[in-house]
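Pasting the structures here.
Same chain, two partners: subunit A is paired with subunit B first, then with subunit C.
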Partner chain A sequence: MAGIASRRLQKELKEIHTQGCPVGIQLLNADNFEEWHLSLEVMGESQYQGEVFALKFRFEPQYPISAPAVQFIINEKYKAPVHPHVYSNGHICASILGNEWSPVLSVIGVCVTLQSMLASCKKKERPPDNDRYVMHAPDNPKKTRFHYHDDTV
Partner chain B sequence: MSDDYSDDEYYYDEDEDMMDADDGDSAPSDEEMDMEVFDNDFKLPGKARKKSYEVDSEPLSQAQVERLMQTDIEHISGIFGVDENVASLLLRHMSWNKERLIEKYMDHATAVSVEAGITPKEEKPAKAAASSRAGSSSTGPQRSTRSSKSSNKLKSPSPAPKEDEPYTCPICFDDTQTRTMALACGHAFCSSCWNAYVTGKIREEGEHWIRCMAEGCGLVCPDPFVREALGEDKATWNRFRELLVRHFVGCNKNLKFCPYPNCTYTVACPAAASKSALLSIVPTVTCGASPDHKFCFGCSIETDHRPVICAIAAMWLQKCHDDSETANWIKSNTKECTKCQSTIEKNGGCNHMTCKKCKHEFCWVCMGPWSEHGTAWYSCNRYDEKASQEARDAQSKSRASLERYLHYYNRWANHEQSAKLSMDLYKKTEQKMEEMQISSDLTWIEVQFMKKAVDEVFKCRMTLKWTYAMAYYLDRGNPKELFEDNQRDLEKAVEDLSELLEQPIEPEVVPSLRQKVTDKTVYVQKRNEIMLEDTANGFLEGRWQWNTSVPGLE
Partner chain C sequence: MQSSDGETPPEAPRLESADLPTAEGQETLPTYTGPGFVTNNPELASLTPAQLYELNQGLLDEAVPQRPLIDQIVPMAVLRAEYENGSASFTKQIDYLVSQSYTGIRRTRGDGDCFYRSLAFRYVERLMNAADPALAVGSAVSTLEASLPMLEAAGFQKLVFEDFYDTFVSIIKRIVQPEADGTTLTPLLLLEAFQNPEVSNSVVVYLRLLTSAQIRTDPDSYQDFLFHPELGELMTPREFCETFVEAVGKEADHVQMTALARALKINFSVAYLDGRSADGHVDFVNFNDGIQDELEPLVLLYRPGHYDILEKQSEDTVI
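Then we have the complex of A and B:
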């Protein structure tokens, strides 16, 4: 089993380099097989027109059997999108990152899903329990047991 | 399975033998044999008649629970005409509710098997033709058996890649893998990915409901598939079986898993399955793996909170948790304003108090109004004056409820503390028992009375402890007085026995001490039984009246 994560990530990286990323997604940094950064932009008409976000992926050695830890990067350059499923600390409440993660999904696959999650947002607001969650949130979003909100948003 | 079971039986027998040996060796072996058979079949406690404070319960080993599961599975498999593995998934999907499963399956067989992860979701809505019962019951077993075999034979039945090209697993991208596995959905992945995935699900997530690895695929791995994916990993397979048993036990109100670490026993206690039953009985049960594995079937508050029922025990603990420290502190550090009853802490300064709330001025020492102190400021000598007397009366009234609570709490805590200290007493007693064997010509068996006495004291202190919790909530009246009489008698007996146990041992008094301790132990035991029995009967008769509303009781 040794090296499954790196072999898989290598493969994903190769695919990104040969086939390129989908529109609006860009690889910012993939220097190792532990943490990758990608930028994300919602194309076309949406609530987030003109905004660019960045995602941080953290991989465990068991990736892709175990889901990557994914969150929005917050620094001088990037902010977390205001969205009912995104907490102000960058954590994302999405079932595919938790109990609906499938090993078949990939980094790009997750980005595309999140992109469409943002694209379909109708109203920019924080999750209702944002303050409470952010105050006690663990550093790694995978340690949170999210109660998934409805998927219609 | 059968091997495990016979092991368990074997342990049982050993225990039983030990106990029999304690009671005396005179019993003919035939009778012993009969008793054992009887015991193992019906799991009745050794003593003849059931006490009203005891409940009927049956300890079950993991193998026995698995047999119960198997019975349900065979039942469903027979009715629906499906494979047993399919029946198992259906039952697990429906939380082992057979009636609901039968009802739903009869109406919407296809929908149920899709939900249960047995048949893949059909893309086209045109499934009307051969749907309903006949359709799915025939597809069920066939597909699942095929899926469990497919791994050996079919290389990749799914989105078949280009011919001749070496198979590359879409998860690990390892093209040296030759063995693939797939469920009925045909999503093939290499067996080492399956292994890692299934192991992770079982080990890390404690999951028995393992879906196909493909995105959005709802199919669930049947048991043989799990076993195959795990390969030689027996430990994880056993963990998986344990998870199945736990799920089954969790779904069944009559069953509870033994809460002791690493214990795999289950206890069946149908008498305590409903919430309303818990208002009249205290179901203290033992799991069968060890007589120490005692727990309450109704709650997880404490192993044995007899004689008080779960709801009241919980209320009391909550109150202690919330109030005790605070109440003690308030009692020792504050007084109430004699006018508005606000609680005041004097944290410095003179005795001239001015209530922050109502501006009433009074003397901290005598509690009388400050105006009457005249010029004798800062040295109160007015203690017996009428005004201050009245003020103190009012004060004491407002303290009464606090005092009442602390009265019960302190006794409750005291018994708990003493019971905890009995560990020390145990060691001391052991020492004493050795001393006795040396100083007198008593044998090991003959000095066991000390140990028995310590055990009994511990047991009774636990009972006493909870009687204080109960008494706090009991409404005044005859029943309560009788209750407190019993409580007093037991307490007195226990304290007497405790004292006897603490006495130094002189060789010449050993025989008389032995007599005294033995008698006292029997007496204490009797008093404890009376206490427990009477309280239990009171619950059954609805005799107890409460001074507060108990959740669940009118």
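Then we have the complex of A and C:
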């Protein structure tokens, strides 16, 4: 019998193929059940008008019981958004990806939450501890013990 | 902020249960005075005692081999021995439980899921021990089937809960329906299933979703009791459920327990071993859905911050 992660991801993929992604979100790559890439754009008026970002999801065999490792992709094509909860290495400080993760969330659910996090941003700036964090950050953001920032930013 | 070097991610900070006993007259919060470490590392030096404690705890958790998700029954004497050099009020209460014919304890890992895991294990175990297992299984499965529309009404997508549901129901059905290899559920297979993280955690997640759906679809019954366990502020059903019911590893409190008894249509009780009774007796709090059934009682043992199963049987008689 297939593992729990691949069973669930198969269903999520099927739903994406049959129902499509919400506006502003696109599946870039889902060739396996270990890593998916999606693009993210904030629709309407926002600090990020005209910018397109990409997210990398990494799944453990225990997904969706364990949270996926989610970060913004940084390469020639994509940059991390300048946001008080997003570090310049693409790591995201969001409680739903840490101690408030719930299996109720899906890949699309996480994208929608991050989309609204960007949409509600009033001032484009990096987290105050960006430089110190990025210097010591582990490769996998799940290994970071974030102290979650104020949600109202 | 810290990043740990270990392979496993640090566990999410645990919330203390809101009904933890507070010592009377004690005004100052306990501070971390344990073996401190002297460091020139400015990152560590800038941490508060609470953060240091948490960090230290995280490292300890990673260093100590973990207890199984759920274990075999051990005699009460084993539990008693752990308190013998400590609190006499605890040993008195343990003796009281023994006098009430509770002979053993089946322990669960202290990972924040212990209430749900203990309850689920015992829930299946007593269906297996029922005088008429086919009847008990049939009635449990029909209650669970009937809960599916409630989950959808609570706003959960089918793809979010169906795998967890299937896992839970297939364990229960296996009590009476042989697997492809011809075997039905035995006590040993039940224990193995609940020690397997994928199976065990799937069942825990299903009970969390069931609890959440019960609260979300009947907000009038619960909304006056949905307090933030640390801040004491009232929360909306949605906020409460997202943060303290659906999220993995979040301890259950009275509200969640009441809701789950109702959703599963079961009665259970919790024995409070808290070292706070003058004469050594133990309070049992009943969570009753008003159901009359012929099943063995489902009794959990609460010690501050943790739930295990209280047993009137020993490992020899179970296996």
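Operating definition for what follows: the second predicted complex is superposed on the first by the 151 of 153 C-alpha atoms of A that agree within 3 Å, B and C clash if a C-alpha of one lies under 4 Å from a C-alpha of the other, contacts with A are read in each partner's own complex, and residues count from 1 in each chain.
In this section, a residue touches a chain if its C-beta (ideal position, glycine included) is under 8 Å from a C-beta of that chain, and two chains touch if they have at least 3 such contacts.
Computed from a predicted model, the values in this text were never measured in an experiment.
Asks: Consider subunit A as the common anchor and indicate whether subunit B and subunit C clash or fit when overlaid.
Replies: In the arrangement built by aligning on subunit A, the partners subunit C and subunit B clash.
Asks: Once the shared chain is lined up, is A:146 touching subunit B (first), subunit C (second), both, or neither of them?
Replies: Only subunit C is touched by A:146; subunit B is not.
Asks: Return first, second, both or neither, reflecting whether A:7 touches subunit B, subunit C, both chains, or no partner chain.
Replies: Once the two structures are laid over each other on A, A:7 reaches both partners.
Asks: Applying the touch criterion given at the start, work out whether A:102 contacts subunit B, subunit C, both or neither, answering first, second, both or neither.
Replies: Both: A:102 reaches subunit B and subunit C.
Asks: I want to verify the contact counts: of subunit B and subunit C, which reaches more residues of subunit A?
Replies: Touching more of subunit A: C.
Asks: Answer with first, second, both or neither: which of subunit B and subunit C does A:133 touch in the superposed model?
Replies: A:133: touches subunit C, not subunit B.
Asks: Can A:65 be said to touch subunit B (first), subunit C (second), both, or neither?
Replies: both
Asks: Considering only the touch criterion stated at the top, classify A:50 as touching first (subunit B), second (subunit C), both, or neither.
Replies: neither
Asks: In the superposed model, only one of 25-33, 115-123, 277-285 or 331-339 in subunit B has C-alpha atoms clashing with subunit C. Which one?
Replies: Clashing stretch: 115-123.
Asks: Intersection of subunit A residues contacting subunit B with those contacting subunit C?
Replies: Dual-contact residues (subunit A): 4, 7-8, 11, 62, 64-66, 100, 102-104.
Asks: Mind listing the subunit C positions that touch subunit A in their complex?
Replies: Touch list, subunit C to subunit A: 1-6, 9-10, 12-13, 43, 55, 58, 156-157, 159-160, 163-164, 197-198, 201-202, 205, 209, 242-243, 246-249.
Asks: Using the touch rule from the top, collect the residues of subunit B that touch subunit A in their complex.
Replies: Contacts found on subunit B: 170-174, 187, 189, 192-193, 196-197, 200, 204, 213-217.
Asks: Could you please specify the touching residues of subunit A with respect to subunit B in the complex?
Replies: So the residues of subunit A in touch with subunit B come to 1, 4, 7-8, 11, 62, 64-66, 100, 102-105, 109.
Asks: Looking at the complex, which residues from subunit A come into contact with subunit C?
Replies: 3-4, 7-8, 11-12, 15, 61-62, 64-66, 98-104, 106, 129, 132-133, 136-138, 142-147
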